[in-house]
């Protein structure tokens, strides 16, 4: 059933996603790293669904929906900020601080 | 080592390498492409893990639709590759360090086998039969076998998980309105 | 009649209130003021006489008159506002109301022209009321009302002409010095209450011998603290400095408060607390020695003073020292005796000086002179212009110098004899006797000097003033005459056996002092040769002093203040009063002010508490806040890193 | 009225408030399709949306009045007093924010009435989040809310700050969602369940497994982000400052309330057995959040930002009630959230009226002398500050007292003391606002002349301020109600636990 | 009188009326035109005075328990009630507040010439708060009033104060608020502890007091929490630095209320709550010594600092610190005498310092300065004022025959048995107090008049006399015949001592009348 290896793989992918979020500064790439994290979690759900039944897979279905919705809104937000600043470099987006 | 494990290993390596490359590429486009690659690898694993329907959606919706949206935006904005180092050096150290520690913390779950899970969930003494503890898993497999992949997932989705399913409609509506409001040129 | 003793207090108090009201509402009603002011005092004197007559008839037992419950706190602390009439308080009562009446009368003339006439009489009446409370109080707290009250009146009267800073300063100084003494009295009260369980004079005398070990630390401490109070009120070392300054007040005030009555309160207190003092030999020693040193020191200063009132002031300090030698040696009667006679002749001297100053003042006014009307160097030869004053002051001088048979002779001799007799117990008493004798010599000297400079020789104030000098009106001279008679005959009050007397005062006070006598070791009175030698010594001192004083003063012409050559050596030190004021200023006042300002206020209050502690907490908090807001740098990466670190910590905590 | 949630009719009944609101949102959306050009349109839509909240509130009331409860296990959505109380709380907040937005949007030139639709959808999400009996519903509710609020935060498209706020909120929010989701996955793995009650039952019967612990931790981290607990708070000040002011009010009160209510439910229903495990974490979060929130608030000059940090600090106080893990604690969450939301809405309402179109953020110094021009506004804001400070006589005090009471009842003194220290620090930034308004003179004659109080906002703020004062003196009704509802939350978990 | 009052059910409504009338007056002031404000305030104040004076007769001195008790549920679910009542510890403070009220209004009659409505509204609010603190017998209610007071005081100082008012107002509020934060924790903790022990969760004072033993394990911490709040309010050295600023910057009415009532709340708190709840800890050897030492340090320290103050109000403020030190010393002296003395010092300090602040306010109205150096020789121009000031000054420094003496004497004599050395040190203040007061009096009213501005100042007006004369009469009355006051406080003091008696360590001295160190 490959439960352990799947969970391990998902942990590794999640960590890589987190690392990406931590080190990248392009908002879009950052968002992609977050998608990677979600994918890692999905893998966990799928792996666990083997023992717990269909509900895990259904959850993944919902997660994908959410991811799609987030992508739509997120990319819209990125577009909106790009209109203001002509950049998606997060290091330059620090109007708000203190 | 059986064939399934071997294939899993291949897919896993593929996924990890693709993910690593994805987060380290300067160019957003190539990052996106490597992410797609990761998703394909994961879809392969999903098949190994008896989630054929999800694997299909993964390819169709995720790798297909969502990532195309990403690429579309990247192209639209014509974002160049990041210039210079991605982060200052200590940023790298902190970022990678935190991620490594986090990963290590989560990686302890590699020790989970079905048997261990069964032991933990069950209140009975150690060494119970997992199939007794996880009847739902067995039932799901049986349902898949009898009604096909889609039927197995559809029934609970539209019965037990009807409410969440309906909520997703609200979610998508909100996302649609939001995206439109934010992205359209003039209000 | 004794029950009506409260009238003696109430009458002057009423006078004070009425005069106070007039002072506020109609300050020009001077006749009414005189009538009320003197009238209430004379009425009080009448009450006193009647009470005294009744006391003379009785067996000498004390009568306590309860007026109302003052501090009914608990069963054990239940202080009534009560007055006690016994033979001691009767003596004081008579002196205060009697001499007080005379001085009030004198004041009518002396203060006539002053704008604050009503206010003056209000204060003076109030003083008498408080003084009577002091001597009549049945317990320490009640007496303490009077004790502090007279201090208050003294403060008000010294600073009567308050628009001169020096006067106001003098008043404040007097009050503060007194307050230092009051501190002692308060502590003594606390100790008495906790150790003897009562603050009633009668009860203390009754219980103390049983409850306190004879000569023990407690009783010594109590009496020493009480004596601290006495040094304040009665101007003894180390607190005497206020009295000379107190001469800033009107002269009748000096006569009444700073010579006849208030300053003797300390002596009175020692006698009142005789039982306690007798129980502590150490304290007795201290009292005697303090008295002797004060008598000597003050006399030396008086030698080189030119202000007529200052001379008298130091003389008062010196004479008070005598009284303390008396009460210190256990010769309480002698102390009281000298208190009474001193009241007569010192009041007379002050009033006489007042007459002189009054005359000088008038003359100055008429001649538009700017001279200092109190400086003896500007006087001289006044005997012709003011014969009555000269005569009466002369009598008083003889009395204070201790020339027999004037009043001072007997009382002073009795004190010195007692000190000499106590010499067997401790050589300190002998030393005190010697100091007292030396002081007596100097007393005679400076009094003779005063008389000589004032009344003899020729007038040095200039010709313009001379025609305007004359004796005071009879309303002022009248009281002087009465006091003169008393100064001459006052010695009769306790005339010793060798002079054919019967020790009247001693017998009179015997019931009061009975508990003391029971405790004290019998004092061997010097008899025979010794007695006569002592007498001879005293007389010799007086005579030599007087003669020397007159001779030396008149030996060469007195220089005017402006022409005075600078003094050298000891004379300079004496003229500067041993620099004691300056020393106190340097050692106590300035350091205290510096300490309060620099260390306490600016240092602790503003710097340590406000800036370092409170401000520090505020600043550290704000600093932390600022630091926190720096961390909020607007960078998503940093926020996410913080997030990740937090996540790591939480997971670590959970999955240990 | 027992409701069988496994039947479609039962689900419809149970979700009545959400359904009503969603349906009304669709109606409003249709109206928007026709009328979205002028200020009047915007106002009209706004008013229309308020009707929706009222209707949803009526539906909630009806459910509560009928005593609706789950027949058997409550699946997906809870059906108990706590949910009705939560719904009512969230609906009133949303309604009040809509009222505050009524003229504000037009004045700021934001003429897109979809705003109100998004606000309604976000509210639906919040209600689902707070009422979720199942981790799936919880996740979806959270996402409905989040996505709508991401958009709302960036709604003022003329301002770069607004867009930046939206981006930051979105990125960090999605990041946090990943953690939350991972947590859900592991809990699912450890129990095989998504239903909170069943999870609780499972946990009650087993020793805490590694997977369960990690899952719980990740879930807490996810919630920690939503409630802006330190160190997951960093987004909050930036986003609060950048977002349009009514949206900030909505985030500070509504989003935080929904997250806390959900967290309270999760902790009470799913994790009661592991209380010893999560209490130390909540304890630590509370202390760090209180201290950091209050300290950094001290350093702020902008009122909005100051209020953002104060919101962080208040999240810290709320953790006290969670830590207590008792009926009092749960009731305290309700009471405190009500007190806090009433105050926050009023404060932001006044702040919104003071803002000028396109101007920079309002600084504390900008308030100087406000009293002489706008006495009622400054008095109102003063009352709000005192209420946030927890001053007796205000509703905020009742809330704070209740929190402390609940904590101390469990024998925990340190938390209570830290909360009080936090309060002590907070006077250092609440008082200067009162001081600036009432005691300082105006800088210029023209100052405050441009302040306009739209009538609806005025009404809403006035009601809030009066409520703060009245409930500060007579909180009985609210306290009784909260206690009654809180007990219901516990009643569901308890029988299962003892199984 | 007593029976008449009983017949109208006086004791049942009087406290409610006293608390409620100012609250009723507040909206009236806001509704009526501006010039009516002070009249309304005065009417309310006088009504309160007339009604409140009945307490003097209706109060039964022989009954040491709480009287005039009203107990109504407030937040019944949590054992919070509107519980009020007074006993010997509070009766004088209630009366004092009631008596001061018209005087304060009158004293502000001319001095407050702007924003009158706000001023009098806040004044009335302040009054309710002050009375509330003294009559509350429910800890929640107590805390409620305790904190509520800060608001009106904050604005009174902040709006109508002098130059540095913002700093002073902020300092005052922050000090007091921060000080009393932990008290809230302590109160709640007590209620829970007692509630768990007895099954009854109640904030009622009597209930908590009865079961105070249950709090023993935490007594130290709880006491510290209470003590911090009260010590700041007293103010005990070294928590006193807010007071000089607040006093100095406040308008006359604020200073007077601060001095007369607010400061007493701290010492009252010690007597009412902090010590009776935790006697074993509070009166233990060490804690007692620390508190008494702080009290005595404050007494002497403040007197010395007062001596060198250039500002008249600041001087009086420091003198307040000194006087309140006596109260603290009396409380820790732990004898009936010293406690009675402490209560009496609270009253007499109110009278004399109140009068001093009124006088300084009158000077300020005339000359717009409080700097001592700006005055001099005023007695010539304003003899009545000089007389009033001198009498008050002497009352303040404890001249026997005036009010100040009785209290201080009782405190010192009562505390001497326990802390002989400290009392000795404290007694030295008779010198320092005389020094600062007389020096100040001299520099203001005596000496030569050098500043021509001082010549024109008028003497006291009739209104001002009406403010001062009652105070001065009261000073004499208390100084000469304090029996009626002492009788009213004795029961409570005795009950208090009996309560703490078992917890007292052996005293340094034993009174010979009883052989016991503490009680009678």
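Observations on the model:
Letters A, B, C, D and E mark the chains as written, and numbering starts fresh at 1 in each.
We adopt the following convention: a contact is a pair of C-beta atoms (placed from the backbone, for glycine too) under 8 Å apart; a residue touches a chain by one contact, two chains touch by 3 or more.
Small disclaimer: the values here were computed from a predicted structure and weren't measured.
Using the contact threshold fixed earlier, the set of chains in contact with both subunit B and subunit C is A, D. Between the chain pairs A-C and C-D, more C-beta pairs are in contact across C-D. Chain centres here are C-alpha means, and the one lying farthest from subunit D is C.
Of all chains, the one whose mean C-alpha position sits at the greatest distance from that of subunit A is C.
Relative to the centroid of all protein Cα atoms, the closest per-chain Cα centroid is that of E. Mean C-alpha positions place subunit B and subunit D at a centre distance of 31 Å.
Each chain gets a centre from the mean of its Cα atoms; for subunit A and subunit B, those two points are 9 Å apart.
Between subunit D and subunit E the centroid-to-centroid distance comes to 44 Å (mean Cα coordinates, whole Å). Separation between the centroids of subunit B and subunit E, computed from CA atoms only, is 71 Å.
Residue positions of subunit C touching 2 or more other chains: 629, 632, 634, 636-637, 640-641, 644-645, 647, 651, 655. The multi-chain contact residues of subunit A, meaning those touching 2 or more other chains, are 7, 14, 17-18, 21-23, 25, 30-31, 51-53, 55, 58, 62, 66, 69-70, 73, 76-78, 80, 90, 93, 95-98.
Within subunit D, the positions touching two or more other chains are listed as 136, 140, 143, 147, 150-151, 154, 157, 166, 168, 171, 175, 182, 186, 189, 192, 210, 214, 237-238, 299-300, 428.
Shown are all chain pairs that touch, namely A-B, A-C, A-D, B-C, B-D, C-D, C-E, D-E.
Residues 18, 21-23, 25, 30, 90-91, 93-98 of subunit A touch subunit C in their complex. Against subunit C, the residues of subunit D that register as touching in their complex are 168, 171-172, 175-176, 179, 210, 213-214, 216-218, 220-221, 224-225, 230-232, 234-235, 237-238, 277-278, 280-281, 284, 292, 295-300, 425, 428. Here subunit E touches subunit D in the complex through residues 74-78, 143-144, 146-148, 150-151, 155, 158-159, 165-166, 169-170, 173-174, 177-178, 181-182, 184-185, 188-189, 191-192, 221, going by the rule given at the top. Subunit D contributes residues 136, 139-140, 143, 147, 150-151, 154, 157, 160-161, 163-168, 170-171, 174-175, 177-178, 181-182, 184-186, 188-189, 192, 194, 237-239, 241-242, 299-300, 305 to its touches with subunit A in the complex. Subunit E contributes residues 175, 238, 240-241, 244, 301, 304-305, 307-309, 336-337, 340-341, 377, 379-380, 383-384, 387, 394, 399-401, 405-406, 409-410, 412-414, 416-417, 420, 423-424, 427-428, 430-431, 434-435, 438-439, 442, 445-449, 480-483, 486-487, 490, 494, 509-514, 520 to its touches with subunit C in the complex.
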